[in-house]
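There are structures below to look over.
Both of the next two complexes hold chain A, though its partner changes from chain B to chain C.
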Partner chain A sequence: MHLSEGILPLNWAGIWYAAAIPFIVKGIADVKKKSVKLAHFKPLMGLMAAAVFIISCMPVPVPTAGTCSHPCGSGIAAILIGPIMSILVTSIALFIQALFMAHGGITTWGADIVSMGVAGSFAGYLTFKILKGLKMPLFICGFCAGLLADWATYATTSFELASALHGSKPLGGVFMAILIAFIPTQLPLGILEGFLTGGMISFVAKRRPDILKALWEK
Partner chain B sequence: MDFTGESYSAKKRESKKVNNIFSEHFSRKENILTRLDARIKIISCVTAIILILFFHTPYISSTVIILTLLSLFLVGIPLKVIILRMSAPLGIALVILFIKIFFYRDTLQSGLLIALKIIGSTSAMLFLSMTTTLDKLLTASRYFKMPRVWVEICLIAYRYVFVLIEDASTVIDAQKVRLGYANLRVTLRSLGTLAGAIIIRAYDQSVATYESMMLRGYKEEGLSKE
Partner chain C sequence: MGKIAKNKNQILKRLLLFLIPAFLLLVGAHQKAKAQNWAGVDETVVEKFAEEGGRKPWKPFINTDQGDLLLFAFLLAGCAGGFVFGFYWRILFCEKKGKQKSE
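For the complex of A and B:
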């Protein structure tokens, strides 16, 4: 769910940039550390960014909210490589999309990283960890992680849009209006992303458990 | 699925059209704008976007839109491609205009201003992407102190986006001939399998890429610092 270039006033663009930068800095520091354990970690992050790009570049217009909607892919990345790395790869996918597909933008990059990267990745990762800790089947863990990652992303995007556009109107009212406007596309898209994530994780666990072992090894 | 020659060529033509819109088809051509230093283009575009957002006047956005269109026509980029690339932000601008007037009960002037800001700043980005390849942009970004690790991962991602798109397309074709996507239940299962196949392919490709990088003398220092 990308906020289009030019939609955010400069001050809000700056605030979202400031919120996103610490996660990117931490991600870059972690790449260096993890490359020591897993030699091909850097190319792997590149390939993960490419995978997130593909999943999240199928825009579905939301006529009532003024943005494009799509599966996020950050939930999938978060359960495989962790939330911080997922934010890093999401930032790269968003950058390429902003430049070459006019989805998102440079001034809205920070806001898009916060919604799709930070909110989506942490919601997906925490849901997956909690359900896996409760010994739920892998598909259910993945399904809920994908679903909540998608819905967390859309709730955050709604807040970003409302905070920038509410003007003299109450923030809460505008936020709720945008949130409701997203429901027709985001409710089914969240469920779709749940199946996508659940199916992905159970497929990989069945066919290539070595990949999960390598990625989840402490 | 139709596997006749005609359908196959139509599919190829469609795929080429998509690639022309998305890929660096135009930015790799030799002309006055592609030869211009990427750093100058980055500074110009970012300045234009900041000016558009900072001043609440339609004149800056309009000037940027006109200048972008003129310069892109000058280097032979078809209007159809520009419109296709701009379709998402154009749609969003129209919707914002509609919401501002009918939902927020704002004036037409205020709605038009924000719509122009969206189109103006997106056209500045369009100018940058249509005249500069990603490798030049990322090399220039090192000049503006973008972290080296981030730039390296970004280059790898861009290189393999096209490879993974091809792979995903092959998997989808294979699923379809095995009655995948036949109904809603099967579609949901097929999509999960597709996502899993992409992740497995991405992992295996990362191992192969790393090995080939090492064989070619890659060191952790990676890119030069210019």
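For the complex of A and C:
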């Protein structure tokens, strides 16, 4: 999902930067408020930042497709620290990866934040909220949130690529072609991310129910 | 009992409706992807479509993708990330438990 350096024309890179910046600004502004409100917020944010960083640079081989890809982790982060904070930690992870690990790029940072941070976090968070509202078991809520966060990330990446590079071809056709090319790898990886998210949420609910209670009561 | 069996059948049917196309898709993709040699999707999908659209990736500003340098960068990132993850994990899930026990 990392768009490599220079892949997007500069005008498109600028548009995605402009779309990402308000979320980052809001995230930075909210850190202090949340830290004062919740005693465990800072360690939880540190844990999620490390988790998103590790998960999103961990290439997982997919035997059925013969390729490798990575889960995103923004679904778990969005559930545990909220979507805006999840976008903030994702942007930090993506920046380090772009700068030192030849993964993503500085020019494509905004687009990567929008796909993995914004789309992934909100898809995961909203899925979890809706399913929890429907009184589904916690693991199922987490599973679906992780799955949809992953797929939303790659669908957004497809849209970013298609919108910038479709040229004279129809946008919808190029978007679908890219999306279909992602499916063999991301279909199983999304399921893996679902299990990861469901497992983590169930674990937290079992070991530290006070964390989830405090987060959901706010 | 009849209701439970009916529900189970419905769940099984829905599961099959999802699993069969997924399986067919994966088998079809398997043949196509055999030659990819475990390349990442950033390369097989993103860069492929970008090149079709006339955009070639630039070299990274700090180019660690040279020889084993990238392996070193990933190792370092894994160690640092793992340390931070473990540090906060201990604070959230181990120390709290210990404190509660001692209380």
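Assume the second predicted complex is superposed on the first by the 195 of 218 C-alpha atoms of A that agree within 3 Å, B and C clash if a C-alpha of one lies under 4 Å from a C-alpha of the other, contacts with A are read in each partner's own complex, and residues count from 1 in each chain.
One rule holds in what follows: a contact is a pair of C-beta atoms (placed from the backbone, for glycine too) under 8 Å apart; a residue touches a chain by one contact, two chains touch by 3 or more.
None of these values were measured; they are calculated from a predicted model.
Of the two partner chains placed by superposition, chain B and chain C are both touched by A:R208.
Once chain A of one complex is fitted onto chain A of the other, the partner contacts of A:M200 are limited to chain B, with no touch recorded for chain C. Of the two partner chains, chain B is the only one that A:I28 touches; chain C does not reach it. By the touch criterion defined above, A:A149 reaches neither chain B nor chain C. With both structures placed on the common chain, the touch criterion links A:F95 to chain B but leaves chain C unconnected. By the touch criterion defined above, A:I81 reaches neither chain B nor chain C.
In the superposed model, A:P184 makes contact with chain C only, not with chain B. In the superposition on chain A, A:L192 contacts chain B only, with no contact to chain C.
In the superposition on chain A, A:A111 makes contact with neither chain B nor chain C. Comparing the two interfaces of chain A, the one with chain B and the one with chain C have residues 4-9, 40, 43-44, 46-47, 49-51, 53-54, 59, 61, 64-68, 96, 98-103, 105-107, 165, 167, 177, 207-208, 211 in common.
In the complex of the two chains, the chain C residues touching chain A come out as 22, 25-27, 29-30, 32-42, 44-50, 52-65, 70, 73-74, 77-78, 81-82, 84-85, 87-89, 91-93, 96-97. The residues of chain A lying in touch with chain B in their complex are 4-10, 13, 24, 28, 31-32, 35, 39-40, 42-51, 53-55, 59, 61, 63-68, 76, 80, 88-89, 91-93, 95-96, 98-103, 105-107, 165, 167, 169, 177, 192, 195-204, 207-208, 211. Those residues of chain B whose C-beta lies close enough to touch chain A in the complex are 22-23, 46, 49-50, 52-54, 85-86, 88-89, 91-93, 95-96, 99, 103-104, 106, 114, 117-122, 125-126, 128-129, 134, 137, 147, 149-150, 152-161, 163-165, 168, 188-189, 191-193, 195-200, 202-203, 205-207, 209-211, 213, 220. Of all residues in chain A, only 1-9, 40, 43-44, 46-47, 49-51, 53-54, 57, 59, 61, 64-69, 96-103, 105-107, 157, 161, 164-167, 174, 177-178, 181-188, 207-208, 211 touch chain C in the complex they form.
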